[in-house]
Every structure is written in C-alpha cells, then in structure tokens.
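Naming follows writing order (A, B, C and D), and every chain is counted from residue 1.
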Amino acid sequence: MLNFALMGAGRIGKMHAKNIVMHSKCNLSYIFDINQDLANEVAKQNKVNVVQSAEEAINDKDVDVVFIASATPTHVDFITMAAKAGKAIFCEKPIDLDIEKVNKCFETIKDFDVPIQIGFNRRYDNSHKALKLAKDSGEIGNLEMIVITSRDPEPPGIAYLQAAGGFFRDTTIHDFDLSRFILGDDPIIEISAYGSQLISDECKEVGDQDTAMFIMRSQKDVLIHINNSRRAVYGYDQRLEIFGSKGMMISNNQSPTSVQRFNNVSTLASDPIHFFFIERYDQAYKDELDEFVDIVIENKKPTVTFEDGRNALILANAAYESFNTGKSVNVNYK
Amino acid sequence: MLNFALMGAGRIGKMHAKNIVMHSKCNLSYIFDINQDLANEVAKQNKVNVVQSAEEAINDKDVDVVFIASATPTHVDFITMAAKAGKAIFCEKPIDLDIEKVNKCFETIKDFDVPIQIGFNRRYDNSHKALKLAKDSGEIGNLEMIVITSRDPEPPGIAYLQAAGGFFRDTTIHDFDLSRFILGDDPIIEISAYGSQLISDECKEVGDQDTAMFIMRSQKDVLIHINNSRRAVYGYDQRLEIFGSKGMMISNNQSPTSVQRFNNVSTLASDPIHFFFIERYDQAYKDELDEFVDIVIENKKPTVTFEDGRNALILANAAYESFNTGKSVNVNYK
Amino acid sequence: MLNFALMGAGRIGKMHAKNIVMHSKCNLSYIFDINQDLANEVAKQNKVNVVQSAEEAINDKDVDVVFIASATPTHVDFITMAAKAGKAIFCEKPIDLDIEKVNKCFETIKDFDVPIQIGFNRRYDNSHKALKLAKDSGEIGNLEMIVITSRDPEPPGIAYLQAAGGFFRDTTIHDFDLSRFILGDDPIIEISAYGSQLISDECKEVGDQDTAMFIMRSQKDVLIHINNSRRAVYGYDQRLEIFGSKGMMISNNQSPTSVQRFNNVSTLASDPIHFFFIERYDQAYKDELDEFVDIVIENKKPTVTFEDGRNALILANAAYESFNTGKSVNVNYK
Amino acid sequence: MLNFALMGAGRIGKMHAKNIVMHSKCNLSYIFDINQDLANEVAKQNKVNVVQSAEEAINDKDVDVVFIASATPTHVDFITMAAKAGKAIFCEKPIDLDIEKVNKCFETIKDFDVPIQIGFNRRYDNSHKALKLAKDSGEIGNLEMIVITSRDPEPPGIAYLQAAGGFFRDTTIHDFDLSRFILGDDPIIEISAYGSQLISDECKEVGDQDTAMFIMRSQKDVLIHINNSRRAVYGYDQRLEIFGSKGMMISNNQSPTSVQRFNNVSTLASDPIHFFFIERYDQAYKDELDEFVDIVIENKKPTVTFEDGRNALILANAAYESFNTGKSVNVNYK
C-alpha cells in the first residue's frame, strides 16, 4: 500500500485523486492546493484530509509518493522538495516552461536517486500503444512517416493562457512526446513550425497561436507532421497515424457510443467523439497510475523519464525558434 | 460480334440497351416495346432501329441473342419464340409469376437446346460475390447463418403493384436466389414468412405486403433470414451477411462518395447510399452481360439457369403458403 | 448509504460485487454462495465478510438490499425470503425457468410491496438506449422493423447447459426483453422460432440448440427478427437495428481500441470486438446499479419490473412451442 | 459532335482515348504518339486512324479539339501548334517543368484566344468536390486547416523519374492544385518543404525524394499540410481533409468493394483501396472530359486555366527552394 500526497486539486488533480482512491494498492493521504476551496472539495469527495502546506505533506514520513498535478510554476519546487525527502515522484507535464530551470532541477535532484515519472498520458492509451508495438515488432516495416492530429474542443480562458507558456509548450508538447515515443531511439533532429491566430481573441491578446502545423525530421529521415487547434466543434480530435514500408496504422478517434444513424440526409452518422482529455484518456490515466505504482513497489526504472520531459520541452523551444525565424531549426539537446 | 434483339424499353430495358451498345462484342440490332414511345426514345439514344413486332426481331436470321427485359407476362412467350428460332436467351427475373406456366415453358423449350440465362443480377455484384468465394474457399469455415437485408427506397405505383405478382415474387425473389447462390448445393427445405402493411396505401389496395421477414432452413441446417421493405428513406439498403465457424463477412451498402462530415451534432456522417438498383448494381449488370456474352460466344453453360429462376419462384410460392397458413412450410421442388 | 447482501459469487456475482463496492452510495455487507471458495475469493477481494447462510444475510436488520446473482434455481427462494424481510430486491434474469413458479412467486410477494428490479442489463447500454430514445422521440418515424443480432463468443460447458433451461430461455430471453424495451407499450403477439445444432457437441448432448432465428410480430404489426449463436470467433456480437418511416438506427459492436490497419491484404482492419458481456456491458452494469440505488433511495418505481421478467419468459416459452410444432404461435400473457 | 486529335497513347492517353470514344458528343479522329506501337494499339482498340505527324492531326480542318496527354516536354509545342491552328486545347498537367517556357508559351498563345483547360483531375472527383462546395457554402464555417494525404502505390521506373522533373513537380503538383482549388481566391503565400529518400534506389539515383511533407500558409492564415510518398502497399492513398470553425470534412479513400471481414484476428477488415489513379479517379476523368466538352460546345470559360497550371508549378518551384535552403519561402507569382 503506497501513501500518496497529491499536489493540485484542479481539473486534472481531481481526476488523479479519484484514480488514486480507487486503486487497490494506493492510499491518498494528503491533498494540497493553494486554492483551499478546491482542495477541500476534492478532499471531501475522497474522504481525505487537506494540508495547509505542501512541505508538511511531502515530508510526512508515511508518505511514499508525491504526485504533482499543480500549476506548472510549482512543479520544480515540489520535485526538488520531494527528491530531498526521498519520495517517489510523479509529475504532470511540462516539468517547467524554462529549460534553464529544468536543467538546474535535474542537477539538484540527480543525486537523490528517487524514481521520477513524467505524465505523458498518451503513451498509455491502448490504441496509441498498439501502434508503438506494431512499429517495434516490424509489422509496418521501415517507419517512413508519422502524422499526428491533435485538436482541443475549445480554447481555454485568458488566465490559463497567460500561464501556459504558449501553445507549443502547453499543447504540442504532448505531440512532441508522442512522436518521440513512436520513434524510440531515433531522435528528432530538425523542425519547422507554422502558427496562426484564427480562433480565439484571448489567444491573440496574449500573443499566442491557436492553430499550428509542424514538420520534423528524425535522424533516420522519418518525416513527422503535427497539426493542432484550440477548437474542434466535434470534440477532442486525437489521431495518430504511422506509415511504413509494409503498411499504415491509424489510432483513430473514439466515441462514447456505437450508434449509427441513417436518414434522408446522411448515413452512418455517429455520435460526437469524446469531449476532452478526461473522457478520451480515462483508460490511459488509470494505466499510467497502475504502471507507476508497479514501478515504485517493484523498484523498477521509470518508463517516462525526466529526460523525456526535458526533450519534449527542447522540441517546443526549437519550434518557437523556427516560428520566429522562418527557418528550419536543428534541434540541440545539449 | 453478337447481334441483340432487345425486348422492353422501360427503366431496366433502357439500362440494358446502354450496356449492350457500349459492349465491344455486342451490337444492338433491334428494340421492341409495345409502348412505341418508350421504344423510340431508347432507339434514338442508341442509334438503333425500332421494330413493330417482336416476331420480326426475334426471327431475323442475323440476330444471335434475344434479350428479354419486357413486362413479366410477356417473358414466357418471348422465351418460347426465341428458343424455337434457335437464339440464345437472356431473361430478366422472374420467368413468370405462375409456376405452371414456367413448368410448361420448360417442357416446350428443353429440346431446342439454346442457352438461357436468368437475370439475377446480384450474383454479379463484386461484394456479394466475394462472400460466395469466401464461403466456397472455406474462409468462414462451416456456414451457419445467412442474413439478408433488402429494402427498396420507395414503393412503386399501383399499376406496377397490380402486375408484380406480390411482394415475395417481385422483390424477395432476388433474396431467395441470393440465398441459393451462397448455399450452393445445399437446398433450402423449409420456410416461414411474415408480412405487414405499414407503408403504402397502394400496397394495401392490391392486398399486398410492404414489409416482410422470412426464416428459412437448408438441408444442412443453415438458418437464413431475409427482411424486406418497400421504403427506406436513406436509399436502397442491400446488405448480405454470412456467418460461420471461422468468422463473419458482410457485403455492406455503398455510397457514391467517400465524404465524412464531423460537426457538433454528429461525426462520420456519410452521404446517402445509392438510390436504387440502377446505381447500386451498375457494375453487376455490366459483368452479368459480359459473362453472358462469353457464354454465348464460347458455347459455355449458363451460370444462372432456368432452373434457378424456377426454384426462386417455388420459394416465393412456399413463402406465401406459410404466410397464409401461419405454418412453417416444407419446400417442394417437384 | 445502502447495505447490500449479495447472493452468488460466480462470474457475474464477482462483477456486481466490484461495482457495489466502488459505488459511493453502496456498502457491501455480505456475500453468500453455496460454493464457499468462490464466496471467500470475492469476499477477500472486496474486504467483505462471508456468511454461512443466505437467511442470515437477508434477514440482518441492517441490510437494505438483497442482490441476487446466484444460480437461477435459487432466485425464487431468495426473492421470497427478501420480500418477507422487507428488503429491496435486485434479481438477475431469468426469474425462473418455470412460468408456474414465477407466477406463484409473484402471488406470494405482491403484498409485501418491496421494490424488485430484474437484471436486463442491455436496457442500460448507452447505445441501445439511444435507439430507444430515438424511437420514442419520433426520430425514426413510425417503427416498422427491429433486427437483433446476439451471438456469444463461445459455447458454455455442459454443466451450465444442463441448468440453463434451453438456449431460448437462457440467451434469447435478453433479446426478447430488448425487443419489448424498444416496442414500449406495443406488445409482441406472435412468434416463430427455428433452431439448429451446428456448433457444440455439449448442446447436442443436452438436446439444446446452438443456433437460432426468430420472427415476431407486435400488435401494431412491427416485425422483429432475432438471430442467436453460441459461438462467434470474432467476439460477443451485439447489434440492435431499428427501422422506421424516417430512417434507421444501428447500435453497433464496440471494440476496446480504435486501431485501424492498412496493408497489402486488407484495409481498415480493426481489433476484435469485446470478448463477452463483462467487457461489452461494463457501462451498462454500472448504470443499472446506479439507477437501482436511486430507485431504492428515492422510493421510485422500478423500471425493469417482475412483469418484464415474466413476459420475457413467456416469449421464450412461446418460442419453444413454435419450434416444437412448426407453427407461428400466438403469445398468451395470461 | 467534336472531333478530337489525341496526342499520346501511353497509360493515361489510352484511358482518355476510351473516354472520348464512349462520350456521346465526341469523335476520336486521330491518335498520335512518337511510339508507333503504342499509337497503333490504342488506335486499334478504338477503331481510329493513327497519324504519322502531330502537325497533320492538329492542323486538320475537321479537328475541333487537341487533347494533349503526351510526355511533358512535348506539351508546350503541341499547345502552341494547336493555338495557332485555332483549336480548343486540353492539356494534361504539368504544362512544362520550366517556368520560363511556361511563361513564354503563355505570351505566344494569348492572342489566339482558344479555350485551354489543364488536366487537374482531382477537382472533378465527386468527394473532393463535395468538400469544395461545403467550404464555399459555409458549411464548415471559417476555413482554418487543410490536410492532404497523397501516396502512390509504388515508385515508377528510372526512365519515368529522369523525365518527371522531380517529386514535387510531378506528384505534389496535384496537391498544390487541390489546395488552391479549396482555397479559392485566398492565395498561398508561404511554403516549407521536407523530403527524404527512404524507398526507392531509382529515386536516389536521379537525386529525387520519395517521401515528402509540406506546410503552406494562405493569405488569410489558413495552414495547409501535404504529405506524399512514392509507395503505399495498401494502394493509392488519396485523402483530403478540411477543418473550420463549424466542423471538419474528410474525403476518404475508396475501395472497389464494400466487403467487411470479421474473424479471430481482426474485424471490419475491408478490401484494399483502389490501386492507382486510373481506378480511383475514373469518375473524375469522365466528368473532366464532360465538362470540357460542354465548355467547348457552349463557348464557356475553362474552369481549370493555364494560370492554374502555372501557379501550381510556381508552388512546386518554391517548395524546391525551401527544401534547398532550409527556409520558409514566400511565394512569388509574378
């Protein structure tokens, strides 16, 4: 039985709280959020005590795991605190928006040798994972292209946008990681980025893009395309396609029902796809937790590492460089 | 080059005329229809001469093939005339609505030994045919069930209904033949039929059913279901499903486009399926003609025989007996 | 918080136990099974105490709900016991295999006036339910046909078959209920049944069918087709189709992934559908429990009544009469 | 009745010959090809006379239309010859590989004022066209992204590759035109191109790419992605997706059958999609001819203009500039 201290009681913290409580090998000991009301609400739902300070929870000797689902600017502090306290760490993406802070964090914690796993949930989706397995098993032959479509249902509010670090670091970072997940040991070495402001006045106000397209090249000359939007009226559009010498595989969208309508206007009309990540990646979040619990208990190596979190951020930064210079940028992982 | 005399210039005659004219080994010599206007129209479109009498065309020594696409009551006369003239015969289904007339016709023509092929077009549809091939090759293992959905887009007018011989002989006859096509040498031995009057006042007026369901049993205990309707607002619904010990295959509906729509109401919404048989079975009608031309030129045996036409009618008659008596009827092919 | 006494710790009891434990308003107080090992196993998984006798659990004054998921022959006894103890009752289908016992049970319990709900889980599947809603809202116009495909992945063992009461009462009973669910207040008045022994030697040994087809007619002349098999190698085939004057709706099969494969042999190849009812109706079982909890707490009327359980059995019996006599049978609900 | 002189009797000339012969308003008067054997073969199939020189055919006073489906380097000469002879011209894409020659050709012919139409066949595909109509009607709201997947089934031989002018001018040119078709009066102003050599030794030998990805931006900030491959083992992959503020539409792949297979390995497995352009765009090629015939007879303006052919080439050239410099290139249409 692992005792968890959960940092963050927002939308995603709330979801993690529920999964932790339902997991047969987990006990949720503490919830912390600077927003006391949020913390109280989640605590009440899950019959857990709220703590007044993150330190208190993180340093409690009975706590085994610090689970960080708070706002991005708090991540590095909580990671550092947890590492020093010798706790296993799960941290939502991104580690931080500033690569210097990420690097410094890594230097600080590396000697404490605690397991740390980054929350790139899509790696745990059964359909995306099937493509990774097929690529690794040779089923699609030599990998030649990856195409990722990733569109949110609706743009966030301005408060979120102001703290999000830009579209590429907030959203595309998932797709950078998903590309890296499929590629395995073939690194992405080059990137071009395009962005547009077409949808959201709030995005424009904070100087952010709401529509974006990317091309990347791996060392083995695989070409990767990503397209992103802050708004898809038909739901959370999440598609992954891999193409190789022996065939293609698509991890397509999913709908909560299997209803098909036929009338004088259209046929095969299905219900809208899942609304957003909570619904779409429900299975993935549960399996992500399950694997992490197994890693901690069995003393295994994390599968989504600090390095993975860092590299995805480096790609986002390179994307911004390309966007700002109008050049194809060589990615520097140093 | 085969010279054709075409009987009938209605909807289906018109379509056959076009296919014959376009076929590289066919020459359309004559068109006959008791409705001179129809005949003239089709003749004009295809630059062919109209004849005043069927006899004249059928007995012309240069005519090789009599192609019968006229009203059902004329079929037996034209078949007999053509057989006596030694011509190859293609006859649209059904041969006749009266099994006695069919039997007598068979007796009359059997000694003339001309090739005669019946127009069960669905056997030539590439998708339906793929299921037959899979069944024969063992791909689905031991055949256990057949399910046929066959629904017209809209009910015909009262004139058509009065001459059609009833829903089971006019429409279901195709599905009886399709069942026999899949089953091969395993005969249908038992049938139950249900019908309803739900759609068309004209159907009610002539005492006909517009909605129907059937179960049949083959000698090897395969169970077969057919359902029919005179009206499907989404188009001509033509589905064939075969189910066996190693799997299932579906020959599904087809649409003229591959468009899919995604919006806030529905996803994957496709255009309506083909409107009716002319569009849906376009490929089948062409291949049906092509095979028949090959049979005549190469002196091969017809693949859809007079016997097939007779047996489908016997099943329709047995269906009516079941419908009228409320009993499961044993089919007597004698 | 409702306290549950669960009867039965087999495959389905185990699943219900888990759902009850996870439900925020339920407490699982007792598990009983004549097979102590099964009971102990499920009890251990859910940290619940096993009881030695059903009576003890059912009559405990703190127990609010008796949840019956034990073998069919025990249902009537447990229902009666629970009704006399004044408990709310949930009972898996079928109530009993013998209509006389069912009727007697009804007479016995009717004066105790406890809520009793029957476990026809398919009514709670979101996709099937969407069809019911569309039918009721008029979206498909006047209902004309229902087509149900319901095939198990593999035949059960001989012990199960010996106690199951025959294919129609064990399996088709779900489809009879699903038909009744869609039809609403339009009763089924006529039925024809066909069966075959094609798959399972064990079925043959107990004199049971393993392949079956049915046609039914409702009072308003809707025609209904059901087909069943004890084995579909591609998984648990569960399809519901409703057809009316304004269109058609299909509740189609569901797969655990959304993977599509394209290679030189085939395209759009998806992963197999869900294996069996536990996976396929996971959402339905949870919502079924959720609604029942709401009924008990809010003192509402059960939505799937004892009468529903009785009527589905009457249809199964009528189906056997048709199968044995080769006649279309008028259904007598008296 | 229009009399056609057809230049070119290769794969695509052969197909056009058949369509011209079958068209009710067309007469195929001449076929010319420098390869006499090819010319003779197509002439024989279509009962047409071969001519020894293009001039002879083009200048025949009875010829109304010069239809150019010969090798690319001959296009400009034949266009010029035909314009001077006052004939209507249909020319397969690309006009030429050299923008200077294209510009000079335009200068030469502009005063002759003959109708000239360029063969961008995809504009005539009913599914692609439905997306254009939906975009224009406002059905998908404000256009935000276009995604084009366009992959050939197999790489061509070295002879073809040596004359083809490079992957972007030979293949992507279709997708550049398709993007322009959807965008309408919103010009593409910026482009980035990536290419890889992953598939074909012959491509490598001639220094060409066989795998490519592009991003483009329109004046209204619509982002466009194209991906291309010289080999897709599952057939000719042709997908067009448009995405806007009110929804998304996909023109998806098409298969010659509607067969779906279900077994213990996979479900919904369909037959491979169409092999290549002759099969996939059969309907488009026929409608393209049909519209052109209408334009000539009715004296209408061509819908796919010389300017369209020129602009697609300019985009291909800009793509090469981006590929060679690693920069995002501003497109200059002057």
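Please note the rule applied: contacts are C-beta pairs under 8 Å (C-beta built on N, C-alpha and C of every residue); 3 or more make two chains touch, one makes a residue touch a chain.
Here the structure is a predicted model, which means the values were calculated and not measured.
*Asks:* Between C-D and A-C, which chain pair is linked by the larger number of C-beta contacts?
*Replies:* A-C
*Asks:* Greatest Cα-centroid separation from chain B: which chain?
*Replies:* A
*Asks:* For chain A and chain C, let me know how many angstrom lie between their CA-based centres, rounded off.
*Replies:* Using C-alpha averages as centres, the distance is 40 Å.
*Asks:* Counting in whole Å, what is the centre-to-centre distance of chain C and chain D, each centre being its mean C-alpha position?
*Replies:* One centre to the other, that is 57 Å.
*Asks:* Check each residue of chain C and list the ones that touch at least two other chains.
*Replies:* Where chain C meets two or more other chains at a single residue, that happens at 232-234, 246-248, 253, 261-264, 271.
*Asks:* Between the chains shown, work out who touches whom and classify the graph as line, ring, star, complete or other.
*Replies:* complete
*Asks:* Note which residues of chain D are touching chain C in the complex, please.
*Replies:* 233-235, 253, 255, 261-273
*Asks:* Quick check: in the complex, which residue numbers of chain A touch chain C?
*Replies:* 22, 126-127, 130-131, 134, 140, 246-254, 256-264, 271
*Asks:* Report the residues of chain D in contact with chain A in the complex, numbered from low to high.
*Replies:* 142, 144-145, 147, 149, 151, 190, 192, 194, 196-199, 211-215, 217, 221-225, 227, 229, 231-234, 237, 243, 245-248, 326-328
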